[in-house]
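Okay, so chain A shows up in both of these, paired with chain B first and chain C after.
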Partner chain A sequence: MAYTKRSDGRDLEELRPMEAKAGVIPNADGSAYFKIGNTIAYCAVYGPRELFPRFLQNPKTGIIRCHYSMMPFSGSGERIRPGQNRRAQEISKVMNFALNPVIDLTDFPNAVVDIFVDLPQTDAGTRCAAISAAAIALADAGIPMKDLVSSVAIGQVEGTVVADLNYQEEAYPGVVSDIPVAMTHNTKEITLLQMDGEISKQHLLKALEMAKRATEKVYQVQIKALKEKFVRE
Partner chain B sequence: MDVNSETIARLASTGQRLDGRNVQEYRQPIVIETNISWTAEGSAKVQIGKTVILAGVKLAIEKPYNDTPDEGGIMVNAELLPLSSPEYEPGPPGIKAVELARVIDRGIREAKAIDMKKLCITPGEKAWFMMIDIITINDDGNLFDAAGLAVLAALKSAHFPVVDPETGAIDYKHKTEETLPIIKEPVPVTIYKIGTSLLIDPTREEEDAYDARLTVASDDKGILSALQKGGDAPLTMEEISAMIDLALEKAKFLRKTLNSLVKS
Partner chain C sequence: MGLLTKERDIVIPGEALAEGLDFLPGENTYREGEQIYSKVLGLVTVSGHVLKITPLAGPYIPKPGDRIIGKVIDITMSGWRVDTGTAYSALLNVKDATTRFVRKDEDLSKLIAIGDYVVVTIIKVTSQNLIDVSMREPGCSPLPGGRIIKINCQKVPRVIGKQGSMISLIKQKTGCEITVGQNGLIGIKGTPAGELTAVRAIRIIEEKAHQDGLTDKIQQFLEQK
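On to the complex of A and B.
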């Protein structure tokens, strides 16, 4: 059966309600709060600062280091044991890949910019929320960037391409694919692309076209948060 | 002692502090917000000055401990996130987090703040366990008091999840009207000694200047349920007596704030 009506009544391209704020963690050099639907991400950026252990230092440029983590009470089931797990490690790594293309730390050799994302509640789309929050926090910290990265998941449910899957759609009993995408705003280049499920090439290309329009909506929310902070100051 | 700590100590000796507060004054306003995480059975966010802390309660059904077969259980964990301060690094909880979690745990457990017998479902087989996580978002000092309030607010706002009567499986997506059997609300207050002055609610830089501290958890009748002395300097009996008096007085203030912001 074709998936024509979404479980939460949204239009096919409609994202869940978003909310963003810059500068929510005073101790950090830059920070952000990003909410999409029932997924919330806090992000703090520290640095550029000296990188230890020393052998990780790069004398040609500073590096970024992402740390993604779900709070123990943020899962929709039982309590999650705190600490690193393989999923969090992988997400941290793809966050690095997603953000690195726009960041220029050549003026900060041997340094590190640490990006911490912690989520108090989740309902699908956590890595995308983490990346969108991190982009706001990096801009808030004044890290040199040539573009802003925005991220949202596109999905395919029973042959219908939809934007920003919620948990119910992810768990839909049928052919579903979940495609987290991150995109640069000016050049529309893709910096994060993952997929699980099943999808035809034709549907995938359609999904990526939709990602362009969907990430633009995220971008508007990110820019608004940054403007609100810097007008306030 | 660095310059800042010297200044803080000098000011404290005349009853003053860097941010203009009286030594025995909390930063205002204290903000307590509940239900900040829909995935937790109970949750709260507490803000005291620039310190921001979250607490979440997850409920689970487990086998009771052998020595208390007709009681539920409590577990408190604290995560000092690297997100919340440049001083914290990723990794397993350090001693600061462990001490924080254990002091908060004792305050609740030893006061018998929660009726553990009511958490029992089948003696020796099944009982509700409360898993409480304290998470720092921004550490600007006084984590003990902020965490104490956050945990109480999270417990007060908690609702049991729906349990399938046939399989016994927990449906975490749906909550019942039923709340936790809370008997009393022990509030921890930490008194800091700097030089000869007693000070409360320190900022992070004031914490670096302290000589000794005493955390006192007490209930609404003034009965103490947990104590923890910290710091390298000793305390005299007179000082401890004065610190407890001050803690009891400030606990009244914190309890009033908690009750006005979080309804039972």
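On to the complex of A and C.
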């Protein structure tokens, strides 16, 4: 049976409703809130600041460190053990890879910019929400960046290519694939591409084309959040 | 061809500012092919053919000649290590700290102790952001006490105002002595009530830094007190 009607009634290419805000954490140097459907991400950016342990310091450029974490109550009822785990470590790492190409910290040798992302509520697509939130927070912190990174998941459910899967679709009993994609805006470079499940070659190419249009929608929300913070009265 | 944005527009990183070769990329911008893009979140400034971005947020970048407020965090063989509120600490040499003769075996903590705040001028910054500061420049001294607050360094020009109009307004209305460091640290000393009013006024400026007619708003606020 083909998957023609999505579980929440969206169009195939329609993303879940998005909401974003910059500067939500006054203590941080930059911060952001990003919501897509039921997935909520808060991001705080600190730095550039002195980097310890010292052996991580790079005398040629500053570095970024991402810390991804799902809150204990963020799932569907099962308590999630707080703190580091294998999954969080992996996501922190891919976030680093996703954001690094656009960040220019050559003026801050030996320094670090710390990016903390916490998710109080999750419903699939957390790493994408985390990256989109982090991009807003980094811009809000005034970190020099060549471009913004926008991220959204694309996937295939029973032979139908869809954008921004929710948990129900991800857990659909059948052939499902979930492909989180992060892209820069101007050059459309892919900075994150992972996959769960299986997909045919034609579907993958179609999905990547869809990703371009989908990340553009995320980008519009990101710009709006950043510009709204500075409206003149 | 030409400009894609207007003067004083808010732009975000990666936003195209101009097309073609008529314009040159200035501070916080870069050229890629035909277009000039912004590198930070800020306001567009067009000066002649050069496009610049005045950042709305961001870290303090130490520059020689800047007067900053720092906190003494360590004492070394020949001076003090000063936290500048950035990722890099500065060195204050004994010979730059005082005009009086300091004996070789003298206890430097008698002059400036760890934890003291000092107003210093940056005299040298290397490519690796090693910073040398001096206290022998005009207006530099240890801070006499009072309270220290931190604001974003990009908002310092608004706190000072045109030719110091804003800061002298606050000083006059609250009776506080206020020292503003370029790195965003502000030392305020006066009566407890005056200090509180000054802090509140500065917080308002910080919040509304990108708006026009700020001096009037602050004047209104201070007169209500």
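By definition in this document, the second predicted complex is superposed on the first by the 230 of 233 C-alpha atoms of A that agree within 3 Å, B and C clash if a C-alpha of one lies under 4 Å from a C-alpha of the other, contacts with A are read in each partner's own complex, and residues count from 1 in each chain.
Note that a residue touches a chain if its C-beta (ideal position, glycine included) is under 8 Å from a C-beta of that chain, and two chains touch if they have at least 3 such contacts.
This is a predicted model, so every value here is computed, not measured.
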Notebook entry, point to check: First (chain B), second (chain C), both or neither: which does A:Asp178 touch?
Noted result: neither
Next item on the list: May I ask you to decide whether A:Phe108 touches chain B, chain C, both, or neither, giving the answer as first, second, both or neither?
Entry: second
Margin query: Is A:Pro48 touching anything from chain B or chain C once the two structures are fitted on A? First, second, both or neither.
Written below: second
Next item on the list: Mind working out whether A:Lys146 is in touch with chain B, chain C, both or neither, as first, second, both or neither?
Entry: second
Notebook entry, point to check: After lining up the shared chain so the two structures overlap, which partner does A:Asp164 touch, if you call chain B first and chain C second: first, second, both or neither?
Noted result: neither
Item checked: Overlap of chain C and chain B interfaces on chain A (superposed complexes) -> 49
Note to self: Which residues of chain C touch chain A once you look at their complex with the stated criterion?
What the structure shows: 10, 12-16, 28, 30, 32, 37, 39-42, 55-59, 61, 86-89, 127-129, 154, 208, 210-212
Notebook entry, point to check: What residues of chain B sit close enough to touch chain A in their complex?
Noted result: 36-40, 43, 50, 52, 54, 56-58, 60, 77, 79, 81-86, 90, 92-93, 131, 133, 135, 137-140, 170, 172-173
Item checked: Contact set on chain A toward chain C in their complex -> 29-30, 47-51, 59, 62, 102, 104, 107-112, 139-148, 184-186, 222-223, 226-227, 230, 232-233
Checklist line | Residues of chain A touching chain B in the complex | finding: 24-28, 38, 40, 42-44, 46, 49, 67, 69, 71-79, 82-84, 114, 116-118, 120-123
